[in-house]
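Can you read through this structure? Questions will come right after.
Letters A, B, C and D mark the chains as written, and numbering starts fresh at 1 in each.
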Amino acid sequence: MEPVLELRQVSKYYPGHEAVKELSFAVPRGALFSLVGPSGCGKTTTLRLVAGFEQPTAGDIYLNGVRINSLKPHQRNVSTVFQNYALFPHLTVRGNIEFGLRRRTAEAERRLRELIELVCLEGKENRRIWEISGGERQRVALARSLAVAPEVLLLDEPLSALDPKLRKQVRSELRSLQRRVGVTFVLVTHDQEEALSISDLIGVMNEGRLEQVGEPREVYERPRTRFVASFLGTVNWINGVGIRPEATRISRDRPPQAASIPATVRETVFLGNCIHVEAETGGGHVVVAEVGAQDGRFERGDRVYLWWEPADELRVSE
Amino acid sequence: MRRREFVVALPGLACRSGRPRLNVFNWSDYVAPETVPAFEAEFGVRVRYGTYESGEEMLAKVLSGNSGWDVVFPSNSLVEPMREQGLLAPLRHAWLPNLDNLEEGFRRPPWDPKLDWCVPYMWGGTGIACRREVTPPAGWASLWEERWRGRLTMLDDPAEVLGACLKKLGWSVNSTDPVELRRAGEEARAQKPLLRAYVNAEVRDQLVAGDVLAAQLWATTALQAMEETAELAFVWPAEGFPLYADNAVILRESGRVELAHRFIDYLLRPDVAVAVVKATKTATVNAKAKALLPERLRLNPVLYPPAEVLRRGEWFTALPAAAQRLRDRIWTEIRAA
Amino acid sequence: MSRLRSWFLAPAGLWIAFFVAAPLGVVAAYSLLTRGTYGGLSEPWTLENYLRLADPLYLKILARSFWIAGLTTLLCLILGFPLALFLARSGERKHLYLALVILPFWTSYLVRTYAWMFLLRDTGLVNTLLIEAGWLERPLALLYNDGAVILGLVHGHLPYMVLPLFATLERLDRSLVEAAGDLGAPPRETFFRVVVPLARPGIAAGSLLVFIPCLGAFLTPDLLGGGKTVMIGNLIQNQFTAARDWPFGAAASLALMVLVMLMLGLLLRRGGERFL
Amino acid sequence: MSRLLGVYAAAVYAFLHLPLIILGVFSFNASRFTVWEGFSLRWYRAALENPQLLEACWNSLLVAAAATLLATALGTLCAYGLWKRRSAPIEAGLYVSLVTPEVVMGISLLAFYQWLFRYFDVRLGMHTVVLAHVTFCLAYVVLVVLARLRTLEPALEEAAMDLGATEWQAFRRVTLPLAGPGIAAAALLCFALSFDDYVITSLVAGVDSETLPMVIYAMARRGVSPVVNAVSTAIVFGLGVFILLAERLRRA
């Protein structure tokens, strides 16, 4: 299937600063694509390039196979949900949502009702923006952007303005909403857990480059680079191979079947559903092993052995 | 749409037209309340009458040659500079039949002997107004006495202040001699600590109220104050005093020269001039009008000083550039002292 | 990228070029000409007008103007700072109190000056009341001195000081002040070591907004000073009227402008708050 | 500390307001002197019967209205432009006009007009006054509106364009309404500045353009008169009502 959005060798240079370097990726229609990376990695710039707020220095952007480099933001059939939503404070909920519906036809009115229903804001149409909660604001922003029936919806850190408790709930709502409307979402986030949990595809960015694109499981389990491996979760680097804490086994006795490394427990961190045991090896490395809350108690100073299954080793290119 | 119409209409409002009109720029308080309306009614025209507080302010405006005014009233010492700069239109005596009403002396004034450019309008002199409860000053020299400290004012005008100082020293008010001007400046600086302020017409109320005991003042302003209280007297200084006359002139830029002549001629009518004198308490240059004045005004020594007093008077003249510059510098020195 | 922006800037840009830059250009040209015999302008072109400015007399007037404007600014600061602090802390009724500061600003400056004339003259209210209370026998000479000029200037320019100060102090995080108190600083010390340094941009902006108009003031010294005080504004105005020396007046104007711009530049460089 | 601050503030308020209040009270005095002789409206009647005063008042209103309209429009557009991206020459020009002492600005404009008059048949008058007023108001408008724009989120315009609005539509439908309070404040400020100005006006005024401050100045020069008290009080009151109405309209 032809991708709905495709970037080919896109670069964006500012004076003295290269924000995006030779970025290429394609987003299939109807997918939820996440761009993830630390702050300053160029992911927001990428989004702004697609939206048309910035012009690429080099490379091409295609929407439905049409090059859109020279189109102004209002001429591109993409729509953005901004980090702080950028809702119009002088308009009501309704005014915000119908902003992009040019004519006040019966059809537009029907669409408006549909959208309000979709984001569960019935009865709050005439509220002012400051009179509704953070979660509701996010839904207004979504409805406003969906109103223009975009080919691609761009979301810039859509959950960062919400408080952490709410985030998980809204995250799944977002995912189900995306499934229902079937619009392609391109989402930018610095939170790898968020990206892993809701995306069809993840692109990991670092210093303006795309390091890896793939399904969440694939990039988590088979990271191509050390950066991708570390960014998506904790990694213990032992003798050049990476082991996730949950794959790291720990025991008081020397395991019979495998090669193991002796270590001393330095700290235990109780995390509710599991315990992180930090142990120091003879070489001075600190290794984190995740154990179930019921799986034996380890105390500081305990002498232990660390080991893992070879299949769990992460193989990175560098 | 309506908003747009409003914007377009705005400049239009500024020049509502209809009847022909004349723009007259005169000193404040220099006509009777009915003077202008009566002229408008009689000639079927509109007069835009503006006023100014100082002659130099007027000059600064008309200097462009595009001020919009038709008739202005410069003092005699400004007539020559204005003519020199080509600001004045020559007068046509044929349109000024009432010119014959002028007093003999004003038909050949020193500043424009053939009245080619100006028609004298009113005249006056500068003297000392003082409260009756104090011994009146005999002349300018008395104004350096300690007894006035804090309750004496001089005019806020370099020509007047330095003129008084020059007279005190026995020189001409129009002296161009740097030595004399410097000496006069020293006198003025010596007097400054005694002064309450350098003010013009503002002093009138303060004289009436008794805040100020003595003030260098124009006879006409003094007379206005004396109308309000019997506690005031006016002294024509023994050393001599300056005289000035304000003159109607037509600006060269004027496009309504004939109407302007009509207006000046109208002001020369005896009945009009009498009304003006009664309202403004200023001496008219009009002989016929003077004859019609009530005795109270006609024989008033402040308004019309007797001949032997008048002989001590001296007309202001325009100073050459160097003297004017020096006078201004000395005036700045006095004020900055 | 934005063509709209250029369209929007163009009218104001043209306006500034036409009505700010061009007039100053004309003044600059005038300042290089010579006064005509009876005033007016004539050739030759000369720098003499600028050389005349170096006269100790004019420097003295300049110094005096700086002194009066400076003192006015200081008094405005002393009166205005606590008021701005009060405003910033008055919570709910802030808008009312702010309106009360701006209200006199809405009334004509001339009217305010005139009100002081009305109050301060010998038969004015202040003297009348003091005499009737038996505290005075003869009226005090309150009008026509530097004190009256400064009083009038302070009254006329106080809102220009209070508003920027208020803007800064309002933004100043209350918790900083509390933190300082928490760290054991007594209120006085908190004020001088925390509030004042943080309010510096506001102090700079307010001082500039008071100082510059006062430096060029000519109405107030004229009306309340009784002509006994000359400030640069009077000097300049005098050249264009009584003295009829336009070239010299133009030179003095430009010199004053350059001085003011230098001060502004210095302030901006020192990290004062930008107005634009 | 805060108690003391309150007392101090009250004293400063008294300093700001008492002179004007006293002026107002004495405008109702039957006597022309500072002795209270009973309530009277004679000075108001005298003011109303003075055609020069009424004409000047009308002129002032016209000039202020026209100058406010023009300066607010130009200044708002300019502020928007500068908000988008700074422009050194325009900012420099605004700074210059902001810090030019009034006398200097008045004289430079007069000199400029007179120079211009040599080539065009124009005269001093209402229009020259309006042009001058727009000139000194412009920087203040930009200052106030820009301050307001700076409080807005830049993403709002992007959001609008993103939703299909052109640059102009984004300005018209989003930024302009949001800058509204700032623009209103700037317009009020313009009106006050223009209505109040004497120094510049007196220099560039011509036929038909005598404004209220010019008349008040002339009257004050001729001594303290209760008519001036009456006119001043009426102005203060009139402007007060005007501001209140404007505020009401804005809130509604």
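By definition in this document, a residue touches a chain if its C-beta (ideal position, glycine included) is under 8 Å from a C-beta of that chain, and two chains touch if they have at least 3 such contacts.
Here the structure is a predicted model, which means the values were calculated and not measured.
A.B. asks: Counting one step per pair of touching chains, how far is chain C from chain B at the shortest?
C.D. replies: The least step count works out to 1.
A.B. asks: Of the chains shown, whose Cα mean is nearest the mean of all protein Cα atoms?
C.D. replies: D
A.B. asks: Hey, which chain ends up farthest from chain B, C-alpha centres compared?
C.D. replies: The most remote chain is A.
A.B. asks: I want to compare two interfaces, B-D and C-D. Which one has more contacting C-beta pairs?
C.D. replies: The greater number of contacts lies at C-D.
A.B. asks: Distance-wise, how many Å sit between the C-alpha centres of chain B and chain D, to the nearest whole number?
C.D. replies: From the centre of chain B to the centre of chain D is 34 Å.
A.B. asks: Starting from the mean Cα coordinates of chain A and chain C, work out the distance between those two points in Å.
C.D. replies: 56
A.B. asks: Measure off the straight-line distance from the CA centroid of chain C to the CA centroid of chain D, and report it in whole Å.
C.D. replies: About 17 Å, centre to centre.
A.B. asks: For chain A and chain D, let me know how many angstrom lie between their CA-based centres, rounded off.
C.D. replies: Spacing between the chain centres: roughly 54 Å.
A.B. asks: Which chain C residues sit where two or more other chains touch them?
C.D. replies: Expected reply: 121, 123, 240.
A.B. asks: Would you give the residues of chain B that are in contact with at least 2 other chains, written as numbers and ranges?
C.D. replies: In chain B, 57, 60, 63, 206, 209 touch at least two other chains.
A.B. asks: Name the touching chain pairs, would you?
C.D. replies: The complete list of chain pairs in contact reads A-D, B-C, B-D, C-D.
A.B. asks: Could you pull out which chain B residues touch chain D in their complex?
C.D. replies: 7, 10-11, 13-15, 23, 25, 28-29, 48, 50-51, 53, 57, 60-61, 63-69, 200-206, 209
A.B. asks: Touching chain A in the complex: which residues of chain D?
C.D. replies: 153, 155-156, 158-167, 169, 173-174, 177-178, 180
A.B. asks: Of all residues in chain C, which touch chain D in the complex?
C.D. replies: Spelled out, the residues of chain C in touch with chain D are 2-6, 8-9, 11-13, 15-17, 19-24, 26-27, 30, 79-80, 82-83, 85-87, 89, 97, 100-101, 103-119, 121, 123-125, 128, 155, 158, 187, 208, 212-213, 215-219, 223, 232-233, 236-237, 240, 246, 249-250, 253, 256-257, 260-261, 264, 275-276.
A.B. asks: Across the complex, what residues on chain A touch chain D?
C.D. replies: Checking each residue of chain A against chain D gives 51-53, 72-74, 78-80, 82-84, 86-90, 99-100, 102, 144-145, 147-148.
A.B. asks: How about chain C: which of its residues touch chain B in the complex?
C.D. replies: Touch residues, chain C against chain B: 35-40, 57-58, 60-61, 64, 121-123, 139, 141, 143-144, 225-230, 234-235, 238-245.
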